[in-house]
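Every chain is named by a letter (A, B and C) in the order it is written, and numbering of its residues begins at 1.
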Amino acid sequence: MTHDVIVLGAGPAGANAALAAAEAGLKVVLFEQQPAAGGQVWRAPLPGLRMPSSPEKDSGDALRARLAASAVEIRFGRTVWSVGQHFRVDAVGPGGNEHAEAPRLIAATGAHERVVPFPGWTLPGVIGLAAATVLLKSHGALPGTRVVVAGCGPLLAVVAAGILKAGGTVAAIADLAGPGDWLKALPALASQPRLLMRGAAWALKIGGARIPVHFRHGVRAADGGEAIEQVRLAPVDAAGGFSAGPEITLAADALCVGHGLVPGAEIPRLFRTAQTFDRRRGGFIPRLDACGRTSLNGLYACGDGVGIRGALVAEAAGRLAGLASAHDAGALSADAFAAAAGQARARIAQARAFSDAMAEMMALRPAQVAAIPPETVVCRCEDVTRADIEAAHADGARDLNQLKQFTRCGMGPCQGRFCGDVAGELLAAKVGSREAVGAFTARPPLRPVPLADLMGAFDYADIPIPAPAPL
Amino acid sequence: MTQPDQRPTVTITVDGAALRAREGEMLTTALARHGLLRLRRSPNAGTPRGAFCHMGVCQECALHVDGAIRQACLTPVSAGMAVERRGVL
Amino acid sequence: MIHDLAVIGGGVHGSTVALFAARGGMKVTLIERGPLCREASGVNAGTLTLQMTRVALIPYALRAHAMWASAREWLGHDVGVVVCDGLSLAFTEQEEELLSFRAGKRREAGAPISLVSGAEARRIEPGVSDTVRLAGYCKVDGFANAYLTGLAFRRALIDAGVALQENTPASGIVREDGGFAVQTSNGVVRARRIVLAGGVWIEPMLAWLGIALPIKTLINQLVVTERVRPVMRTVVGIANGLLSLKQYPHGTVVIGGGWQGIGDRERGGVELLPDRVIGNVRLACHAIPDLKAARVARAWAGLEAETADALPAAGPIPGIPDAYVCGSVHSGYTSGPYIARLLAERILGHETDLPLFPIDRLLGTATPSEARHD
């Protein structure tokens, strides 16, 4: 064993898990694909780029400073591709393939964006809402010169206000929710005054710039040739399906659109731990105990990768998982663990109303999926349309993995991350339930990995070729 | 953006043509500034595709960098980099 | 109702037996615990090569290759079969010796394999490395898209009138007057004859009938790249059989060869060993250098069944009239359809062109009655 615990992902959850375990005296290694910690929510600006201050950047800077001052061994710029039993983690990085081994593993791999398909969503210039936050926070770039912002949840305001702050132009905002939905969420949002104020500041920025906000509107289509040229919005009902009413056509060279987040629970799934389908939490999530322990001994999971709850909960849940790993390793007494865990759990309880309200606004709306036109691509990697998926059902496909074999849906390089949720929903509409159609089986590599990086330099004579097969 | 970009300007090639970019900026940003949003074509229908998730997940921005397939959204620009956009393969 | 035949196990072997028995006039049911062809038959490398086939199976594999190549005619549906040249490479002197010996044995058994120089190998396959010293060259080679197998057989079986019972695990068999009662999750299924075609699960299936036949479970690691520009046009292996490599028309490259991962019959392919993944891809890129530009999109471990002598279990079950077994064929995807069709012909009461592989030899009781396989 090279370490006491391995942590995957340096967002709010993983970084806090690593810090808590290291503070308790464990030898911790933290793997992260990006060049700096912070995850998507507190993402660091690229090296050499100075960005104006913001509460998110300040939170990220504070976390990065704590990590830098800690005993955590941090390996940035690593693509983890293999995670094996007794917890061996293999990653490719600047020095080729490397691995670490530890009796405990904390998976904090975050979430990815859900975009419910519409005609034209594959056009260059159409990007996710979370994608837009990366451009704004980290790359110092605008999504376009005239941007439509659409979808649901708090990222709408984050992105629109961010574009304005960076000097860009927002043509309009289209929100699947109505003002009534936001009002309904208000008491829960008020439970976190600092975050509510942040939201109010975004709203003021947007209001001050007189940006048209179309409530209860969704994207009917994005039109263009080699890239997006215009966006057509149409009214939707409370369930997310299109309703009667005029379309709004807007010229735009960028559309930032997102419909919530999907937990990236690949590591627990790879180990086949118990999981459950939770619509509000974003999809299939691992079953955990109160401290982030999965059903597999030594495997912990935390953050948005185990259900969408946001950064506030991720920080505390990460700390809890780190503490639990230290306690299980014998590095933290029962009393010390109980006291520290109690504080972290209290923070999660305090944040619950807020995170539930936000997750609710970002949950998948089945009527929106039902409105996808038949010829629209669902699996971007393999050009599989809704009609292809339904034809596979007619041909006997009853679960997602069978659908994959029949159509190649989910077989491409994104490994089903962008189609799995919606394809599951389409199939479930025919078969009966999401539980029945299941999730794509998780397979290594966790992300596509270049063969060149994987192999490194080698001599043919050193390849450990097994004994010849029988003749 | 609000603060001046201090990073040095370098030259890369894209599909054989020279192009100016900031050292260390993301390849996606450098290409977009020159109007290059289409980075590849989809394998069956041949429709244009560009960066979509900007966080290394969707693989839509995968193109050839110095002969190997890399994700433009995870690849910082370096001087002399040879970039080739992809067709359907 | 009582079926003429119940086949338990819906991989290539079981599906083929069921298909030809139904076309021969029998009322057939096929019982499969999951969807069709989702284990070895759906996740194997799809290689249809003679250069990795056991010598004793060459005559069967040649006929099976012809079946795969004409799948559209007899199966009626596409399994993405590509017929192309195959090369088995030698990079060292020892590998040259091994290749010459193995190619010679396979040629004696009827495989049209010739030995060609490295330069000739590069003319046949411009993608191969210039470090190749000698190659086995065979014009009867190719590959199928294994993941399409289930869909193709499903359509064909339904067309042939087979009563498909997918997602229906069987848990036991009782002999009774006039046949067998198969216990399934869906109730009892009755049939006059049974075929056990469960791949690695043939061992527990035979145990239902009180017969002990050990079946070894191989856990073959496989790697597939994303779609890339053409880097090769043939099926490529190496002398000792530990590499299989080909590029599909849609651009992905499948890297196999039987490097072993972790798993077992109960849990399936659980895990891949990273060092062996790296070894396997190094070997692949050593053979086809341009492959280096690609990325691994997915890797998995699939099961393969093997008897004690690594020859098939295909024939009547000794002492139990009207009960048959079919499977555990080394490189079973390649040879499977032909061997399974032979069994169907036998069950239909016809003469078979080639002998079956009865399991008596493996039970330590009698001399094999239909064939000798050394």
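We adopt the following convention: a residue touches a chain if its C-beta (ideal position, glycine included) is under 8 Å from a C-beta of that chain, and two chains touch if they have at least 3 such contacts.
What you see is a predicted model; the values in this text were computed from it and never measured.
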item	value
Chain nearest the global centroid, as defined over all protein CA atoms shown	A
Chain whose mean Cα position lies farthest from chain B	C
Chain B-chain C separation of Cα centroids, rounded to whole Å	43
Inter-chain centre distance, chain A versus chain C - centres from mean C-alpha coordinates, in Å	40
Centre distance in Å when chain A and chain B are each reduced to the mean of their C-alpha atoms	23
Sequence positions of chain C contacting 2 or more other chains	226-227, 292-295
Shared interface positions of chain A, touching two or more other chains	412-413, 448, 450, 452
Set of chain B residues in contact with two or more other chains	43, 59, 62, 68-69
Partner chain A, residues of chain C touching it in the complex	35, 38, 42, 52, 54-55, 91-92, 98, 102, 105, 131, 147-148, 150-151, 154-155, 166-167, 225-227, 238-242, 258-260, 262, 270-279, 281-286, 291-300, 310, 330
Footprint of chain B on chain A - complex, ascending	33, 40, 46-52, 112-113, 122-128, 130-132, 134-135, 139-141, 166-167, 225-227, 377, 380-383, 412-414, 417-418, 447-448, 450, 452
Chain C-touching residues of chain A, taken from the complex the two chains share	81-82, 84-85, 88, 90, 97, 99, 395-396, 398-399, 401-402, 404-406, 411-413, 415, 443-445, 448-452, 454-455, 458, 460-461, 463-471
Residue ranges of chain B in contact with chain A within the complex	1-3, 5-7, 23-26, 28-29, 32-33, 37-39, 42-45, 47-60, 62, 68-70, 73-74, 76
Of all residues in chain B, those that touch chain C in their complex	43, 59, 62, 64, 67-69, 88-89
